[in-house]
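Some structures to go through are shown next.
Two complexes come next, and they have one chain in common, chain A, joined by chain B in the first and chain C in the second.
What follows is the complex of A and B.
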């Protein structure tokens, strides 16, 4: 707080305002804003959630059945449908920001990078958002007038993680990440993505050529359900205009075929988990949950520790 | 005391009118609302409205996504006061936030108004120039 030149940081103001606007079962609820006496830091107090998705996936003992995966994904898309409906971008989708309570209710958390979209005019948002591993291709290519599809890409990555149990594309630099994306989703060319050549960095970045789209083959080892593969395939589409939106995802056959999504099963599985599963507790496999990514993780509220204080139940 | 506050709201509006570059109307309305709310449970004897209104304006700009840096903000103020005001704004921002109880969203009529104008444009093409109504 002391070293903020512009006074109270804008991102924090945005976060508080956006959280107050959002009131939905699957979005984290801001209980109160407190101020510490001695150092002038601000604390945001949220509902208490026992687990986060990244922690649960790290933990070997927790096994999700298909119904449970469906339930988690359905709640995630519900949350996205809601926030996109009120024209807010999360801009920081990742599994450690997906919180799950003991009763199996999913809460989308961390709106530290979120912002409201304004209609109509061309915007110049920063493209240094979203943790590298979940960042969609258009941001690498310098798109600054992006919209809701950026969150859908993240949702697709998270959905893959439900089976692979770890982030699917773990690049350590932008260049590495984009080649990983091409490796999985095929080369980025004007044929699959009309208009890509007009993006700022299209000519500047080295893009791997002659890569075929391999999502379906690659996932076949992990995912048995055909509808699941189909949904992932539609979410991880290179061209943001062709990517499925949250409404489309909710209407996808995946959620409407047997076995149907079941929240009670999820609650049952989670009731067996004794410890609270957070990446910061359990993390050995992941380096800090990807927090060291330049421009994304550090951009969150500086000096403000917004973590999960217990709430009196 | 109420008169004093009303006077400073007028001041606030004047300040926003001379501000360069031009301020969106919704930001001005937000600032005025913050100012009024602040003095709902604070006495004008406690904090000088003269200073607080700068705080309100600056905060409203931030909330309204109207990006202005502190230095730019200071440029509109007369040079001999500039330093003090900027200092004051930065140090009292937290206090303002707290007194507002972090209720930052102000529903101004400007956005619905825009929507209404768009409605008029699409549904009644025979009105010659809806923009004039503004």
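What follows is the complex of A and C.
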């Protein structure tokens, strides 16, 4: 795995550093780093998680109650609140990176694209991050001085999936994805998003005009709970400055009105799932699984938590 | 403030070598030995392992690397943290025969993990002309193994080192500018 000129891959070193820094119930725990003597590969060893969210959502027998959905989302926002508090961006939010143990504990995984935020002046981070379907509008427009709202957009997409069971916006190109976003969230204009016109690609992309925001009406077919719809509506906000942050999400009525989040219900439901549900071997229904962008998958780290085989308990 | 930080780090390295336990043979590893893995083509002097280098020589060595690779003052503090961590984990003595390579390994790793514009191993071969990239890679591998991949630095640890370096500077009559960013 070693590039001779680079030495030990820098992306892997930084991922290891970030994982060591992140010590939280809802973030995947790096147990150790091993090196195989013969082949020179290195392996990151994590705590074992039986499922990933994408795999569970593909499996029709697994049905989540509102309490269970609330528990999953609450744990996800707890993870984001923690990592953002220590100034780490995940930059790869997607349902297949949300791992869930048999006892209903969510672990945010895969920090291969993560980075620490620098303090102070305007930053120029790389723009080529996050799987297309979960990528927020500011990245398509060429924003490089982005921050924690990029992960909140992905959390909004994931929250929708709890009801739709499939990723909600499955574009096959950047242009297509931005059209899907406008179609759902309304046209991208300086009125709803002051300052958007100064982003590098605002004039270069074809941005659909005269699109109304249709999130609430579209979701009504899937989601009955009004608080849930309201929370999603506040996460899938075009302007990153107005998008709800993790603290705001955790304080939302969705988590504080009956029925309250229940992790024990979730554990009970999952105890009936006999196989490990990972999207990579449950799904044929998700073409292209992770429609990642070539070159975006920086961390060439072996021993990804997804690489487990079916196991029967 | 880069200059002062580098001076302080050099002083810390100097005291490590000077205050080593001389009553027993040095605890070291072959990969860090300059005779086994020379940094230059010039012949290693026969007494290379006997004399504690002057702290100016240490400063010059660090300065050359930091300037050529354009590393920051923060990176210098991390360098010292990694260096002391490897001494501690691997039970090593910093010694006239090994200080250069132990320092080089720490600088290499610090810049790769922490600097925005990191330097590749091969770039050090441009700076230290006679060293091979294979040697750099092996040095890095051993370093990571000895550190047990423990490369994170808590902000409290960083702050501790920062203040310790300041007092070291004061004790040695160096002035340390106030504005070094934490």
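Heads up, the rule we're going with is that the second predicted complex is superposed on the first by the 288 of 313 C-alpha atoms of A that agree within 3 Å, B and C clash if a C-alpha of one lies under 4 Å from a C-alpha of the other, contacts with A are read in each partner's own complex, and residues count from 1 in each chain.
Here is the rule we go by: a contact is a pair of C-beta atoms (placed from the backbone, for glycine too) under 8 Å apart; a residue touches a chain by one contact, two chains touch by 3 or more.
These figures come from a predicted structure and were not determined experimentally.
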Chain B and chain C placed together on chain A: clash or fit? clash
Examine A:256 and indicate which partner it touches, taking first as chain B and second as chain C; both and neither are also allowed. neither
Of the partners chain B and chain C, which touch A:8 in the superposed model: first, second, both, neither?
both
Overlap of the chain B and chain C interfaces on chain A comprises residues 5-8, 10, 13, 16-17, 20-21, 33, 35, 118
Within their complex, chain A touches chain B through residues 5-8, 10, 13, 16-17, 20-21, 33, 35, 40, 42, 115-116, 118
Per the touch rule above, chain B residues touching chain A in the complex are 58-59, 62-63, 65, 67, 69-70, 89-90, 93-94, 97-98, 102-105
The chain C residues in contact with chain A across the complex are 108-109, 112-113, 116, 118, 120-122, 133-134, 136-137, 140-141, 144-145, 148-152, 154
As the complex stands, chain A meets chain C at residues 2, 4-8, 10, 13-14, 16-17, 20-21, 32-33, 35, 118
